[in-house]
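Listed after this line are the structures, all set down as structure tokens.
Across the two complexes that follow, chain A remains constant while its partner is chain B and subsequently chain C.
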Partner chain A sequence: MTTKRQTALRVGETHVQAVRDTFPGAVLDATWQAADQVTITVPTDMLPDVVEFLYYGRGGWLPNMVANDERPINGSYALYYLLSMEESDPGFVVVRAEVDPDSMEYPSVTPRVPACVWSEREAFDMFGLRAQGLPDERRLVLPDDWPSNLYPLRKDAMDYRRRPEPACAVENYEFLYEGHAEETTQVPMGPLHITSDEPGHFRLFVEGEDIIDADYRLFYVHRGMEKVAESRLSYDAVTFLADRICGICGNAHSVAYAEAVENAQGIEVPLRAQYIRAILLEVERLHSHLLNLGLVCHYCGFDTGFQHFFRVREKAMDLAVLLTGARKTYGLNLIGGVRRDILDEQKLATIAYVQELRNEVEALVDMLTSTANFESRTAGIGYLDPAVARDFSPVGPCVRGSGIARDVRFDHPFDGYKFLVGLSARSHNGCDVQSRTLVRVEEFMDSLTMIEQLLEGAPAGPVLTEKWQYTPHKFALGYTEAPRGEDMHWAMVGDNQKCYRWRAKAATYSNWPILRYMFRGNTVADAAIIVGSMDPCYSCTDRVTVVDVKKKTETVLTKDQLEGYCRRRTHSPLAGKGW
Partner chain B sequence: MTIIIAILQAVLLVAAAPLASGVARKIRAKMHSRTGTSVLQDYYDLAKLWRRCEVREGGSGLVSRIAPPVFLGSFALIAAGLPLAMQACPIPLLGDIITVLYLMALPRFIFSLAAIDSAGSYTAIGGIRELLVGVLVEPSLMLVLFVMAVAAGSTNLGIMTQAVGTLTAYPFVAVVVAGVACAMACYIEMGKLPFDLAEAEQEIQEGPLAAYSGPSLAMLKLGVSVKQLVVASLFVAVFLPFGAAQAPDAGAVLIGFLLYAVKVTAVLLVAAVIENSVMRVRYKYLGRYTWFVVGIASLSLVFLVIGI
Partner chain C sequence: MLKLFKEIRRAGDATVGYPFQPLEMPAGFRGKPEHNEKLCIACGACAIACPANAITMELNADQSLITWDISYGRCIFCGRCQEVCPLFAIKLTGEFELAVKNKGDLRESCSYAVVQCARCGRPYAPAKEVDYARRVLASVGGVAATDIEKLDLCLDCRRADDAEAFQKQARERKGA
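Entry: the complex of A and B
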């Protein structure tokens, strides 16, 4: 009797029961990885039905799908469709299906749930798993010159240090046009575009200045980080690699990865560490949102606003220096907690910074909203239909600007966010650039309040635990709300103290597929600000490139030299050597 | 004597144009809370560009090649003809409003033609936008100058200047309203924010300018600065001629020229402050602003007709 009651209380039980009732015999297995995470295994041919049922029928949203080469474990490939249940019984339901390694095929879910499209394309690139019925079978991640039969994430595919010979010498990516107008001009935007300083190739199909349709090619800077993590690093060092996924929201990735492992291994993170993680995540949000507000000004040709937002942003960076020792909130997370405590004097200084930021930003935002043309440049531009948003599961201010208040911090409270009072997810109903900008403004102010609450509420105690038992092949989800939306990490550790599979889903990965719909009906003049209002992060999406800069003169530094330089900050060991 | 003044005017305006844009850049930097570059930076930029080799787009023809000199030359020619230091045109032939308007239309025409000549899609969009600005702004400018021509009794800028300078232009209200309309039209014509549509950096990557490099780009950049100075000077010459020399005597001309420098600096300062406190107008909505200018210009015509 007691055991039965306990099972009835578990998060996700109602969803599993609903699947059992609707599709008898579909649930082959249901296991809980963490209190709020359940993985159900279904027959491969039932996959589209079950995912569609959970997505539309039970209020699920789909961050992404993880493919995994599990041949060494159980002889087949596996697909994990991650679903974030946000209506009744909030939690995560993961639908797992096995794919036969001989046929390498599975029925595509994309025709039923469009949000799967990028994940299914990527699963083919990385594992060669073909989704039958996938409407768009173009390459997503791998470059055009990658050989067609080499699937890098297969366990037996390749050494991570090797790079295959280029298979072709020309770009052969085909841009798809879905509009109805007969004669359009193609306007290429990128791969290097003056206002998006990162590589993405947008192809705008225009009539005069009106955008009829748009397509894009990304992943020019794919760094192969997942492969590196699996083959080179031990699982507890990956938090530092995850920091480097993004130049802005690295900490969000690092926390997400750490939580994935902690959830899987059942590691209890000390309370104080949970608070500190949340504070650092909010500090990250401060400077990220100021960056975007500045860029909105820049895209509208209002560089005065841009410069002033960046001036104030420096204060947010100073705050990061105060709390972490670096302008970026990097290198603070470990599996089991954080590396650095917040001392009393730092707490007081932080509160002073928060007050200063609040005053400065309020004044700047007043200035921005009263600037001539702000309304006409942003209102009604880049319309994101809530119905499209429902189909594609976008995240962050992008979806919250379309009246859907999805926010991991409030839907699935984690870390310090569990203890916040009086705050809720922000949303605006305009579905346009203006709404997304206003959401960011309000979230910025909320972040300041959160930092104050968290600093006040943080209990004394340790910031790190090191007591846990490592169990191979356990997996779970870790999630954070990065400034741009949810980061979702799925990690499975292996029997060699390494990640067996690590899938890092950055916020922008969920947002790219809807960009095409936001472009339609606008003009070329608005293209930059529409991309900007999404606050895209190319490198997070692309996850990673190893930049190899070869200079003619190479200088090798010894460890002592570097350490000495770190302490002194003068007499650079590189001085006079052509650097 | 007047020929020398005309040549001096053209040379000085072309020589001072980078300084004017350099000062505008400095003001911009100050408003951005930046230190900014030296006010002489535009000279350095031009010198650097002049030394660079020229790269032409494959397939581009004669039009693209002659566009930069035509652009710069037209505005230098207008500069020679404007009544700046004196209340009369140094070369009356160049001071006719019809000549001035056509000399302003010529570079626009060539510029747009060159934009079509280029293979770049952003360039073409920039060319279309340039024409659009022209079509929307030129009517108001024509209307204003027509009102002034009737008020002063001549289409010659020198005679208009004299009429305004001696406060004999009649009817008075019509002239003041025409002045307001002219100021707005000139501001749009200068191509500063929020109306820098043809070269909008963030939207279309500087449009037609993207197709040029080296000396051609230097000429175009100089041409754009000269254009801004010339358009501001046109407004100053017609509506603020106070202090300009009545007769071609050396001392009076010198004083007139110094006063002109002060006036045009003031106008450019105001323009610089405006351009840094607004967002670029949406290409689609440009018409709304120009209709407003057309409205004011028409109002001055109405006042002219009813004689107040």
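Entry: the complex of A and C
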């Protein structure tokens, strides 16, 4: 073993030892990238065993898996299964396995740990790495008309500016039905999203008005950012690109990327910058949660509440302008710290904003929860079974609404969150839309408290460090708790001042796979509010096709029809159409 | 219900008069970058720092002019250019109404003369940058200013001079 023993146990050491004890000879190598991150290399055929053991046996959760073309470095492809250990010895254990570039195959972990499904599908799209035994081998990221032998993230595949000729003229994505009822009707929703006017294609399998199952296809707006970052930008400009991954929680991505590089390079970010990063992350949460609370009002038919939440949200936007100079895309992160300090007068103004927001939102929430429709529209709707949650590793208010209090800010405190007192991760046990909404309400209030604590606690000092040395091919994880859940970035820099590989995992990537389970057992009228309760983020669908499993008919609904039905729950848009 | 009406009454009008009245942005707002072509020495620091490649610098065919160019269509208003500029020649303003009818109007550019090497005649740096270096060295004075006349030479010629001086020195030492 190449690792040196130190007197005190490092974070993750107990997990590494447990793997060694359970699977003798499985740990080929163990290296620490940062204080809380260890990567163990295992033989490829041991992959499913080790990941399953760490996931179910040691209290691990799986944010995602990163594939990397390491042929120019060591002659093979590599897979990194990222595991967030949240029971004993909290930290990150990354299981790495090399994949032979000739066979391009590895044993799929998905049958053992369902949370891997999207990552393994994506690894095939991007690299052509085939997971043996993967139950679902459909394309995930690439469009139907993409040529079948072109894998964009291979180092020798293509220039990022190239647009290949479409390989086929029709959509040929197959929607999978997992229900037992033999005759169902299909309801396509999309390709544009019913809550957020973003593209995604949903297929609801219904029997009358009841949803039996659902399948969906996303990535209509895949922008190829990882490829662009590798080829066009220098590594220190990627924070600005990461800011644009999401129009709502861009700063969370930007911080996660910066910290991935900082962790890898061993850069110590000045304390004041850590506080400022945490403050800005919470400012971002304020406006995002207010947006979602507004949407909940909208779906309950309480549009006055919607308008008022958005009126108040404007104050959160003003606060962002004050602190960063922009409403969104804060653009304040650099590798090594932040670009702007918070001045005394800004601090005072922020405290005033916080007080104002607290009073206004308390009053509005009181009104929302006392609205007759709120209870009936949200309680018991979109049930997310904690057992399903355990299998798929969802994040954010989605999982916290099912009684599982996972929150990166508290599980793996980073930045200013290390210094907070008296706060803990919020959770509710209802497993429904109502619980997820209440989690957001409480988190909003907590965010206000956090901002106050952080402003008071921030020590004076520099906000940016430039004292560090660039070492190529080092990699690490960076993570933040975005309003929708954890953002997890894995970055490795190259020998050309660029990212060698950057994998940005947005919160909702972890949440999409569980949506079909939340749909089941609800009615078509609930579909919009269920999707809305995820607060989904797809760079995001107006139409819905409904397919009746009994009559084998297909109807396309518009966003307005579906939303209207969600509010009224009478005058089904399906009526009179052979339903 | 009564609470709601009270809240509506209390909140009053939430809208502002914009666009019929001007909208003031707070200090520190990152809007349109303004380039001061008089202060600019065409050193290119902003073009290197710009993450979006909105700012570019290009030489013309005979290398007599270097053109600084910004495309507001590409600009992401991050303000890196302002941070790296040694002469404060670029500054983000509060202006945010950048819509134009013609895409070409999103560009602004200005050209700077490039000086030629006093010895070999090859173009080597923007005239303003050389001039700036000269003024800085002169104001510092002393040892720093001893080689000030060499600013007229291109990098290759200066290297050749240095190499010759070194060779001469080495020979003298050997001879001594």
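The working rule: the second predicted complex is superposed on the first by the 527 of 579 C-alpha atoms of A that agree within 3 Å, B and C clash if a C-alpha of one lies under 4 Å from a C-alpha of the other, contacts with A are read in each partner's own complex, and residues count from 1 in each chain.
FYI, contacts are C-beta pairs under 8 Å (C-beta built on N, C-alpha and C of every residue); 3 or more make two chains touch, one makes a residue touch a chain.
Remember, predicted model here, so these are calculated numbers, not experimental data.
A.B. asks: Could you classify chain B and chain C on chain A, in the superposed arrangement, as clash or fit?
C.D. replies: After superposition on chain A, which the two structures share, chain B sits beside chain C with no clash.
A.B. asks: Who wins on chain A residues touched, chain B or chain C?
C.D. replies: B
A.B. asks: Where does A:A528 make contact in the superposed view: on chain B (first), on chain C (second), on both, or on neither?
C.D. replies: In the superposition, A:A528 touches chain B alone.
A.B. asks: A:R311 contacts which: chain B (first), chain C (second), both, neither?
C.D. replies: In the superposition, A:R311 contacts both chain B and chain C.
A.B. asks: Which holds for A:R377: it touches chain B only (first), chain C only (second), both, or neither?
C.D. replies: A:R377: touches chain B, not chain C.
A.B. asks: Does the superposition put A:L364 against chain B (first), chain C (second), both, or neither?
C.D. replies: So A:L364 only meets chain C here.
A.B. asks: After lining up the shared chain so the two structures overlap, which partner does A:L322 touch, if you call chain B first and chain C second: first, second, both or neither?
C.D. replies: The second partner, chain C, only.
A.B. asks: Touching A:A35 in the superposition: chain B (first), chain C (second), both, neither?
C.D. replies: neither
A.B. asks: With both complexes overlaid on chain A, does A:D303 touch chain B (first), chain C (second), both or neither?
C.D. replies: Touch partner of A:D303: chain B, not chain C.
A.B. asks: Quick one: minimum Cα-Cα distance, chain B versus chain C, in the superposed arrangement, integer Å.
C.D. replies: 7
A.B. asks: For chain A, which residues belong to both interfaces, chain B and chain C?
C.D. replies: Shared contact residues on chain A (touching chain B in one complex, chain C in the other): 304, 308, 311.
A.B. asks: Under the definition above, what is the set of chain B residues touching chain A in their complex?
C.D. replies: So the residues of chain B touching chain A come out as 28, 31-34, 121-122, 125, 128, 193-194, 196-197, 200-206, 276-285.
A.B. asks: Would you pull the chain C residues touching chain A in the complex into a rising list?
C.D. replies: Touch list, chain C to chain A: 3-4, 7-8, 11, 14, 25-26, 28-30, 51-52, 76-79, 83, 92.
A.B. asks: Note which residues of chain A are touching chain C in the complex, please.
C.D. replies: By the definition above, chain A touches chain C via 233, 237, 240-241, 244, 304, 308, 311, 314, 318, 321-322, 325-326, 329, 331, 339-340, 363-364, 366-367, 370.
A.B. asks: Over in the complex, which chain A residues touch chain B? Could you list them?
C.D. replies: 185-188, 193-195, 208-209, 297-304, 306-308, 311, 371-374, 376-377, 523-528
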